[in-house]
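In the two complexes below, subunit A is the common chain; its partner is subunit B in one and subunit C in the other.
Presenting the complex of A and B:
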């Protein structure tokens, strides 16, 4: 067992667990976006930042990827942490404002507006869908492609994947697009793409083969028409 | 080592599985040889044919997306056939302030393609690079391993013609010559 102190409270957790798990055990809330139980920790969204160490050596780390250490002192909601977290949320809002998940998180952290150039991305590159596909669905049909500002998620050559079994797991976990795919319940859709649709997209001819990463995303395809 | 570039459209069939297999066998080490293998394929064919990536994935027992991810991550790999002559214009900070963007524009205008593209006759590929590390000589243009320094837009036509004819004489006194691994002129 490893002994550490979180927000002044001593706690002993098993070796190899992360700060996030330890904080959860104590009941301290740490917001997450790219973390999902059952999938490996990735540390892409940086929402789960916490402050470790003391004095001038204190630093911010992502709690989902940082393993507990003996005697570690963690603060999950210091002023520095809150400031960093708000900045992360602003950046997420700047790139993907239509995501209900991000909107809810921003609202919960009292982020009302963001100061960056507004974009409307379909993807925040959190890698949830890739890990879902590989680790839970054992398919590995999608992955990261290119790099830098051209980085994207999808199948090789943008072609329908042979590995994909159309399980829909990728869309299920996606924080950016899951709500675009609630075409069966238009009142829940927030992008408007599906709500504007009549008759339902189920009547689209090639619907059987359609899914976000194989062909153009169902929702996007609909929006285009 | 650029072979059959002009037949690139037919490479799906032109490159045999056996050739790829041989390259894989030569470089495969557990699961760490992916980059070596891709480099070998790229050296042989001038680019990475989709067909070859599929074979590599199968042989290495990896998902195609892994191989594709590596192939698209590194600038050194190209998924599209490259032209016979590779023209690289440095757009690093020093070259940039010394007028490299105008050089690129001139190349684009003369070749009728954008940076990163290849002419339809497969003769030239125009690329930009962020720094070649010889900033004092900027703007720098590299054509098939041959360096042209302090280039001005009016020299662009000569540079293209030089590479085209395979004639290695040039009027530019500043240039540094490097003749390693030159493509054989047609």
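Presenting the complex of A and C:
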């Protein structure tokens, strides 16, 4: 067991646990976006940052990827953490304003302004869909491509993937488009693709079947054929 | 006759010199009297293609192929061609390389070897004491002794962070040797304006191999990889040849020099992503995965390449190893300062007279490098700042040029040592534009995994773009600073953690320039296009040069009279200013 102190409270957790797990065990809330139980930890959204260490050596790390260390001192809601978290949410909101998940998080963390130029990028590249596809659906149909501002998610060469079984798992876990598909409950599935978004991660043309479980769509009355 | 022909030399025409020299020697049947040695870069790139005549080390700068026959004749006669020598502004002629102010304060423990060594020939390296360190060590030395020597040398990693190399090796040596350990040479060198590693790889590839052999012997590593970027074709060619030669000579592979010690070394080529210089991304890249950094710990020293213990060192770090073993740690620590021993190579570029690679002892001041070795500003404008550490570094203003540079002092000044890039800026450099340039680089080169690094660099670029177009407000500055600090705090790897440095350091030292853009809508350096206008003053003689180069036909007027620029048509490219001999074109 590893002993550490979170917000002043000592706790002992198993070796190999992350700070996030330890904090959860003690009941300290840490917001997350790219973390999902059952999938590997990736550390893309940076929302889960916490402060570790003391004095000039204090720094922020993503709690979902940082493994506990003996004697570690963690603060989950210091002024520095809160400031960083709010900025992350402000940035998220500026790029992906339609996401209900992000809106709720921003509201819960008292983000009251958005000072950047509004974009509608939809996808925040959290990589949940990729991990879902690889780790739970064993398909590996989609992945990251390119780097920096050109980074995107999709199938190799944007071609219809032979690995994809159209399970919809990717959309199910997506924080940006999750309201569009509800996987096995077709009666609830309204894709919304007609109203505002195209799926951020997949080429619409090659995955028409996934757009909506209603045929014709109740909202836009587009037929599949 | 020594002709440096690294990538820099070849670009400035060294190949023509070599061809001319070899032809002349062949034609005149002089191959018994004079020999051409083609080497890597000696450092003084500004003066290339240059020729060095041994044994006196007579230095001829910017030689033309047509001068070669004359030069060869003079060499045979033991004469010096006075008209080809380098002449200072005051008219002083420099005969020998060592007299040049560029070389005088340098301590060239690594670069000096480049003059003596033909990088294509292992025999040449061996003649110059090459592989003597490893041979001696395999004969009489214990691994612990080498480790102790490297530790005592206080050598700090030259890749940027300055981590003590001896300590890193000791940690590797202490890892259990169940199924192999790795050594990696980081030759990804992606900083714009930095090329010291390239020059070492091109000029002395065997020194890297020898360094890694010594490292392997000291730490018990069984295999090594040199990760070099594909954009360095000449370095790759020289390395590949060096690896083949070393294997042929029994210096790589199994049972090296018959001493029962084995080490395999291979080459991995990177596709030129800046982020692949980061050690965990580099390891993933070698493994064939996407070049993306991962959370440390676990550090590569425990879980590195193929999840085996791995020590990564920079090219220059490896190049220092044979030197330390050959001359001893004591002599090595004699150069530099207490916590920063030895020399460091900087690539001195920008608005400076003598651009090139300079190798100086740690603790030298910026002033000595820039005004002494560098010879001061290249044009009339005064030097304003120096940018160190590449895109993750910062700008240091002239007021702080007394700073003795080492890993720690540069961090205190808001910059970093990085791999050794040094870009000199003068009054015609706009600091907002500089910050914007680096941010443009970083937003392309971030791997994109951490949201705050990917989006943060894009948003910082956006804010800087607004400011440079005169659309900035004081709120922009406030937001920029706030964002920069959060990006620094919330990112995973060194790229994101230092990505804000260009912004934060220019804000710290050149806030008035930002304010001029915002409050007065002015760009004091005359760079930001949206804020400047070009006009022609009374110096104009009506020669018409500017008219002939203007692609937009924005300049009009009668010959021999003062011309006019139509600001509606002018695209502010600055071409006219470049060709005007009378300083008649003004930027305001």
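Note that in this section the second predicted complex is superposed on the first by the 180 of 225 C-alpha atoms of A that agree within 3 Å, B and C clash if a C-alpha of one lies under 4 Å from a C-alpha of the other, contacts with A are read in each partner's own complex, and residues count from 1 in each chain.
In this section, contacts are C-beta pairs under 8 Å (C-beta built on N, C-alpha and C of every residue); 3 or more make two chains touch, one makes a residue touch a chain.
Here the structure is a predicted model, which is why all the values come from computation and not from measurement.
Contacts of A:32 after superposition on the shared chain: neither subunit B nor subunit C is touched. When the two structures are aligned on the shared chain, A:87 is found in touch with subunit C, with no touch to subunit B. Contact with subunit B, but none with subunit C, is seen for A:155 once the two complexes are overlaid on the shared chain. Counting the residues of subunit A touched by each of subunit B and subunit C gives the higher count for C. In the superposition on chain A, A:7 makes contact with neither subunit B nor subunit C. After overlaying the two complexes on the shared chain, residue contacts for A:163 are found with subunit B alone; subunit C is out of touch.
Touch criterion not met for A:78: it reaches neither subunit B nor subunit C. With both structures placed on the common chain, the touch criterion links A:45 to subunit C but leaves subunit B unconnected. By the touch criterion defined above, A:141 lies against subunit B but remains apart from subunit C after alignment on the C-alpha atoms of chain A. Under the contact criterion defined above, the residues of subunit A that touch both subunit B in one complex and subunit C in the other are 144, 146-147.
Against subunit C, the residues of subunit A that register as touching in their complex are 42-46, 49, 59-62, 65-67, 69, 80, 83-84, 87-88, 91-92, 94-95, 115-117, 124-127, 144, 146-151. Subunit C makes touch with subunit A in their complex at residues 273, 275, 290-291, 295, 297, 442-452, 454-459, 462, 475, 479, 482-483, 486, 489-492. By the touch rule above, subunit B contacts subunit A in their complex via residues 50, 53, 63-69, 72-73.
Touching subunit B in their complex are the following residues of subunit A: 134, 140-147, 155-157, 161-163.
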